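Letters A, B, C, D, E, F, G and H mark the chains in the order given here, with residues in each chain numbered from 1 onward.
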Amino acid sequence: SRRGIPEAILAEGKSTAQVVALAETALETTDRALLTRVSDDQVDALRTALAESAPDATIERRGTTVRVVGSDFDQPELGVTVGIVTAGTVDKPVGDEAEIVCADAGAMIDRVDDVGVAALTRTLDQVERFRDADVLIVAAGREGALPTVIAGLVDTPVIAVPVSSGYGHGGDGEAALAGLLQSCTVLSVVNIDAGFVAGAQATLIARAIHSARR
Amino acid sequence: SRRGIPEAILAEGKSTAQVVALAETALETTDRALLTRVSDDQVDALRTALAESAPDATIERRGTTVRVVGSDFDQPELGVTVGIVTAGTVDKPVGDEAEIVCADAGAMIDRVDDVGVAALTRTLDQVERFRDADVLIVAAGREGALPTVIAGLVDTPVIAVPVSSGYGHGGDGEAALAGLLQSCTVLSVVNIDAGFVAGAQATLIARAIHSARR
Amino acid sequence: SRRGIPEAILAEGKSTAQVVALAETALETTDRALLTRVSDDQVDALRTALAESAPDATIERRGTTVRVVGSDFDQPELGVTVGIVTAGTVDKPVGDEAEIVCADAGAMIDRVDDVGVAALTRTLDQVERFRDADVLIVAAGREGALPTVIAGLVDTPVIAVPVSSGYGHGGDGEAALAGLLQSCTVLSVVNIDAGFVAGAQATLIARAIHSARR
Amino acid sequence: SRRGIPEAILAEGKSTAQVVALAETALETTDRALLTRVSDDQVDALRTALAESAPDATIERRGTTVRVVGSDFDQPELGVTVGIVTAGTVDKPVGDEAEIVCADAGAMIDRVDDVGVAALTRTLDQVERFRDADVLIVAAGREGALPTVIAGLVDTPVIAVPVSSGYGHGGDGEAALAGLLQSCTVLSVVNIDAGFVAGAQATLIARAIHSARR
Amino acid sequence: SRRGIPEAILAEGKSTAQVVALAETALETTDRALLTRVSDDQVDALRTALAESAPDATIERRGTTVRVVGSDFDQPELGVTVGIVTAGTVDKPVGDEAEIVCADAGAMIDRVDDVGVAALTRTLDQVERFRDADVLIVAAGREGALPTVIAGLVDTPVIAVPVSSGYGHGGDGEAALAGLLQSCTVLSVVNIDAGFVAGAQATLIARAIHSARR
Amino acid sequence: SRRGIPEAILAEGKSTAQVVALAETALETTDRALLTRVSDDQVDALRTALAESAPDATIERRGTTVRVVGSDFDQPELGVTVGIVTAGTVDKPVGDEAEIVCADAGAMIDRVDDVGVAALTRTLDQVERFRDADVLIVAAGREGALPTVIAGLVDTPVIAVPVSSGYGHGGDGEAALAGLLQSCTVLSVVNIDAGFVAGAQATLIARAIHSARR
Amino acid sequence: SRRGIPEAILAEGKSTAQVVALAETALETTDRALLTRVSDDQVDALRTALAESAPDATIERRGTTVRVVGSDFDQPELGVTVGIVTAGTVDKPVGDEAEIVCADAGAMIDRVDDVGVAALTRTLDQVERFRDADVLIVAAGREGALPTVIAGLVDTPVIAVPVSSGYGHGGDGEAALAGLLQSCTVLSVVNIDAGFVAGAQATLIARAIHSARR
Amino acid sequence: SRRGIPEAILAEGKSTAQVVALAETALETTDRALLTRVSDDQVDALRTALAESAPDATIERRGTTVRVVGSDFDQPELGVTVGIVTAGTVDKPVGDEAEIVCADAGAMIDRVDDVGVAALTRTLDQVERFRDADVLIVAAGREGALPTVIAGLVDTPVIAVPVSSGYGHGGDGEAALAGLLQSCTVLSVVNIDAGFVAGAQATLIARAIHSARR
């Protein structure tokens, strides 16, 4: 593990056997394993394998992200809140990816879903929660306006994640990415669908705040 | 004039002599001339020339758009309101281009400037004015979030104009254009900086409403 | 429903179970459901489910768009005509998507298919119908010339929809989109294949005309 | 001269001295010189130089293209008509470039300007002239619809030239190029603003027809 | 049929039933049918159907192109040679598409395969055949250098077809297309893989030569 | 001022008069003014004007960034260190832009220049300083490898700024931006040359740490 | 075989029958066959076929590359070392492709895997091996920083291969390619995933060194 | 100097004063200075300054590249030939940049200009010289076919330099770059116009051959 952030196993494009083997190794060496972009079949195979090799391990799954925690894992606690906000249904798995990374590091999570700018009052209703977070991850697809809007309403640092929803020109998350890089409010950006990177960056900031608090 | 929309003279890339000649012809044949992307030098030359050839004509100038109105021009009146909204300083000339086209056709204009989403409360304060317009033109650069936000708050048809502000990736208005095509609220779009086209399209809608009112 | 436009359920990329559940909810809360980019399997599953949960509902299907109307639905009537024009076979489902949105809002539809510019006389033969519409939606793929040609022949506001046909450079609708943004006649544009957005925008204009007529 | 097509001197990006020297060499070796993208200053310098070095030579200039013809030049005659059609003012210099190449080879030219699709009846009025040509060059900028429309109305082979007019997305001639490659009528294409290449290709076809006629 | 060029049925993306129906209609109305991008399954279905509906018809297949000729078809003869040249194995089906269109119109075909520039002597060995053709179609993928090289060696008009071979940057035929538009020898271009368009354009030129010969 | 970050005046593209006026207003209302992308002429005019209107104000200039501080300005102090690292000469002004924003907010700055990866030992020599910072801004152009390398060596959160150096493919900072979004080490990104945004984001993080420390 | 480099058979996109036939021909005519991008099924079919037709041949397989060596093959020996370095797991098959080409030509191979810049010390540990090679091939995906870092540490010529790993903006190897073209250290580049070309180019250099050594 | 390759001073975008100062420092520390993309004014200023500060130094200038050699410079000699080949006039300065780097390192240069593929026989006439070089640099713009053609005729390693000539689609050297990456003959590539990098890479190969020869 680099910088205290666990190396995640990107399951997509790997064989089920490879994924299981990599997860078992991670579990042995770091007491837990983090897997992203996991298919249903890969999860099933993982369950079967771990029932044998690590029967005490707990398997958490959110969207396409999986975290396996060994019985010896010494869960840290940071006492710092990462707000994780998603605009629409399709943005949720990206938020999940970020959430599992932050939770693994012991951050407290405040998760807010379905506050896309098409129904702005729902967004505005949550402003206090956004302000109470120590750091915010905001994931949005299509035109990706949500992180820009939220960053204009809070003092919290915002990490924006463009999501690969939408079709036609600017689809695959490119419109959201370009818009976030051009944002007229202050925020920093990670790559399209890179929930893992956003979570890891938020964790580094949360740790800095945690150290300062002590 | 096609569809009752005056042909505008795109001054950019034309010589001053060409621009003056085209303006004089337009004035003679249609009792006014509309010029877009006009430089200071071209305006000066136009003033000098018209002082001779058309001393009774009035010269209106907003941003880089110029309208010359002959003394015989029979100003129509539509009794329909086009709301024209711009996000930042740099978006104003694009709004001006749209405004002059609509005003030429006799539409009533409700102009709202400086309501970019970075200061969202200023946007929200104007919602009633947006709702009262019959048709809205909203121009915004950089990430171009403003038309999306406004279209989520009103029932009025919104024509969005991406503006070529911003630098880096997605600059030249490309981020705003892509974001508006991906907008999660309902709107239609014209090309980057195409204030003229937005004004002409709003005019066609305004005329349809005007005809229906009679 | 936002702005009186029903939220459409984008079926593509959702599981059949999700699509059915979302449709049933929409039917319960708004007395009808609108689904776009629906597969054959999803339609079948929907039929089976609704036979149980909503036996009185009517299922309309055009191309890949489905509308479920509950027996209590109070169909509005606008008395305003939306012309919907498509260039080739492949553009029809995009026109269908637009048509169902407009029809749901009670607009009268005048549909004209197969009038691509390769056989220009067929286009010219329909000019009177194009002129009689209150607002026009024109969908065309490949080079997307049809909306430009029609917008030069009528006073009606034209909303152009580029369609993702064609292969090679400029395929996926990008040539048609760029050409429509550059159109030398006045029109506004929605994203590639965005029949739903075009229909919704036309509906907002139709409602404005309808209100004015009263 | 390759393939009987004179090598043209691309003046843009060369010093005035280089341009003059290259033109004088071409004149000496092939009895004429063809220069494209020539600036006013370069033309003046050329006139001054040739007044000394080649006082009998004739200097023809159309738009930004210049042809210098020596007194010994043996003008060929092809008896084949190349139709050269341009859509708007800005497309004319591209048509001029093509025209001078074809005329140099002795083709008869039928030139038609200002028949852009925004005023379709003007285009349709000229169909007989388009049909009477043996080969057609059609230059158009912005959305580049004109070559597609004309190719649908004639049996003559059409060579389309996209022109770098227009601003915003698809500007610099990219929309026109992509649209022409996607054209739903049969035509072949040369690069943006490549009037010289279109003229040269038309000349090769004209020569093939000329040979066949004998 | 437009311009005497048969409308081809683009089988890709159509159901087998649609393809068969369209082919039967074309056969009935024009005595033959031309189909491009046909799959093995579609060919089989076509054979079965035509065995019933048109037992006298002949089915020709080259690569992914199919031509069905009715017993009443009156095969024209042009007495003009179209040279069709391909660089590598993967370019052959594109050449086949062009060939079938030209042959349908009665052109004589001189086909040369496997003369890519990697083995330049093989190309140079065929120069006489290239020179003897009345018009040349040259198809090449990857860097697409072959049409440029050939056009430098002959006086014949060359129509270049970029082919969508190659992987990585510039794959999908984009490198070949861009290179052909930038070609330092005279040629005109059709879209990537557009063998049909190249064949149709060559046919129009061949007909012009044929008319001149009479 | 939004989020305690002063609005910067983007001088580029504004007239000297506008820039001076905006700076004077900012100075009056917030006791200082921050200007980015300022030309030499604009700085001179600013000096002249302020000598009259605000003789007590101090003018700081680094690269193309200018900060005017009024005599009443109450300089905050954060006691948090922002490390600012640049790769080459051309990256310095971008670092300066970031530095002035952070310094304005009272952060302590540790600036390290000329540690591009071409001379890796120079980079490695500074690792302790990178580790001692509370938050790092790393600016690099061309291939933009420096932020990736540093982020692999420290636990500090890294904000990467791609810089618009380099020519050819991937120039204008696009290669650096894409590489940073693809970085195999954890970091977040701002737009090309957006030193201001990086500095503002670092300031928000520094404030969060500052609050935690108290 | 051109330039002493065997023609490789690109198996991807060819039928199994074609691949087997091409391999058998290559084996007969050049005593071995080199196949790239081979699927599992294609390998199985090849094994079965060769068991019959060439029972003495040896089949080597690394990643997706296969080399069949006949019993008569006269293996050359170069006495020159090609270092082949890969950054991560996903880059290995690209390194394998290069390795098999170089080994076929008789180069000595020094292979170093898993030295991506995220764990820089592992890279630095291998510097002596990098320096001892006569020519280096370095393959890396995502941001592609590894070849840049290594080229700054050695005097050996470096051929960089960008690899198509990564998702989002700059995925498919485009970020790595652009970054390598912009590299601030000296290296040359081949296309994305083009391990074969890198191996062939390294072989040509190795042969030049080999000749010089004699 | 890194890897024995002198650091070049990229004059473009630097002030004349900066360029002079950097050149004087390089001359003092390494006994010579290498400057790329130098303007006429910068050369004049350099001459004036060096007349004072280093009257014994020799100033070599080719195209836009300048090399200043001090009287103490110990010119190495490699006894290895780098062939430098350019296609057209516009490619020469790129060849010059490469040539000066190689000559500085003591390589023998065999320079061949004006052998673009439009006049293929001129290219073929030089094949023996291409074969006699130890390493080849080939620079070509527009479609960039020349390096592909040459690499098919020789066993020498070829480093290809795409040049930013040409206008329209694929201009700025992008067509040539993409074509060279897709080349069907074996070569490696540097960025557009990167004559310096090509020369440096050729020098590294030349040194490896030189060492082997001893």
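What we mean here is this: a contact is a pair of C-beta atoms (placed from the backbone, for glycine too) under 8 Å apart; a residue touches a chain by one contact, two chains touch by 3 or more.
These numbers were taken from a predicted model, which means no experiment stands behind them.
S.K.: If every step must land on a chain the current one touches, say how few steps get you from subunit E to subunit F.
M.R.: 2
S.K.: Tell me which of A-F, F-G or A-C has the interface of G-H again, with more than half the contact pairs shared?
M.R.: Matching more than half of the contact pairs of G-H: A-F.
S.K.: Can you work out the whole-Å distance between the CA centroids of subunit D and subunit H?
M.R.: One centre to the other, that is 36 Å.
S.K.: Taking the mean of the C-alpha atoms as each chain's centre, how many Å separate subunit E from subunit H?
M.R.: 43
S.K.: Starting from the mean Cα coordinates of subunit A and subunit H, work out the distance between those two points in Å.
M.R.: One centre to the other, that is 48 Å.
S.K.: Could you tell me which residues belong to subunit D and also touch two or more other chains?
M.R.: In subunit D, the residues touching two or more other chains are 2, 118-119, 152, 168-170, 174, 177, 181-182, 185, 191-192, 194.
S.K.: Going by the touch definition at the top, which pairs of chains touch each other?
M.R.: The list of touching pairs comes to A-B, A-C, A-F, A-G, B-C, B-D, B-F, C-D, C-E, D-E, D-H, E-G, E-H, F-G, F-H, G-H.
S.K.: Report the residues of subunit A in contact with subunit B in the complex, numbered from low to high.
M.R.: 87-88, 116-120, 142-145, 148-149, 152-153, 166, 168-171, 174-185
S.K.: Which residues of subunit A touch subunit G in their complex?
M.R.: Within the complex, subunit A touches subunit G at residues 2, 13, 162, 164, 173-174, 177, 191-194.
S.K.: Please name which positions on subunit F make contact with subunit A in the complex.
M.R.: Interface residues on the subunit F side: 2-5, 134-135, 152, 154-157, 159, 177, 181-182, 185-192, 194, 197-198, 200-201, 204-205, 207-210, 212-213.
S.K.: Could you please specify the touching residues of subunit E with respect to subunit G in the complex?
M.R.: Those in contact with subunit G are residues 90, 118-119, 167-170.
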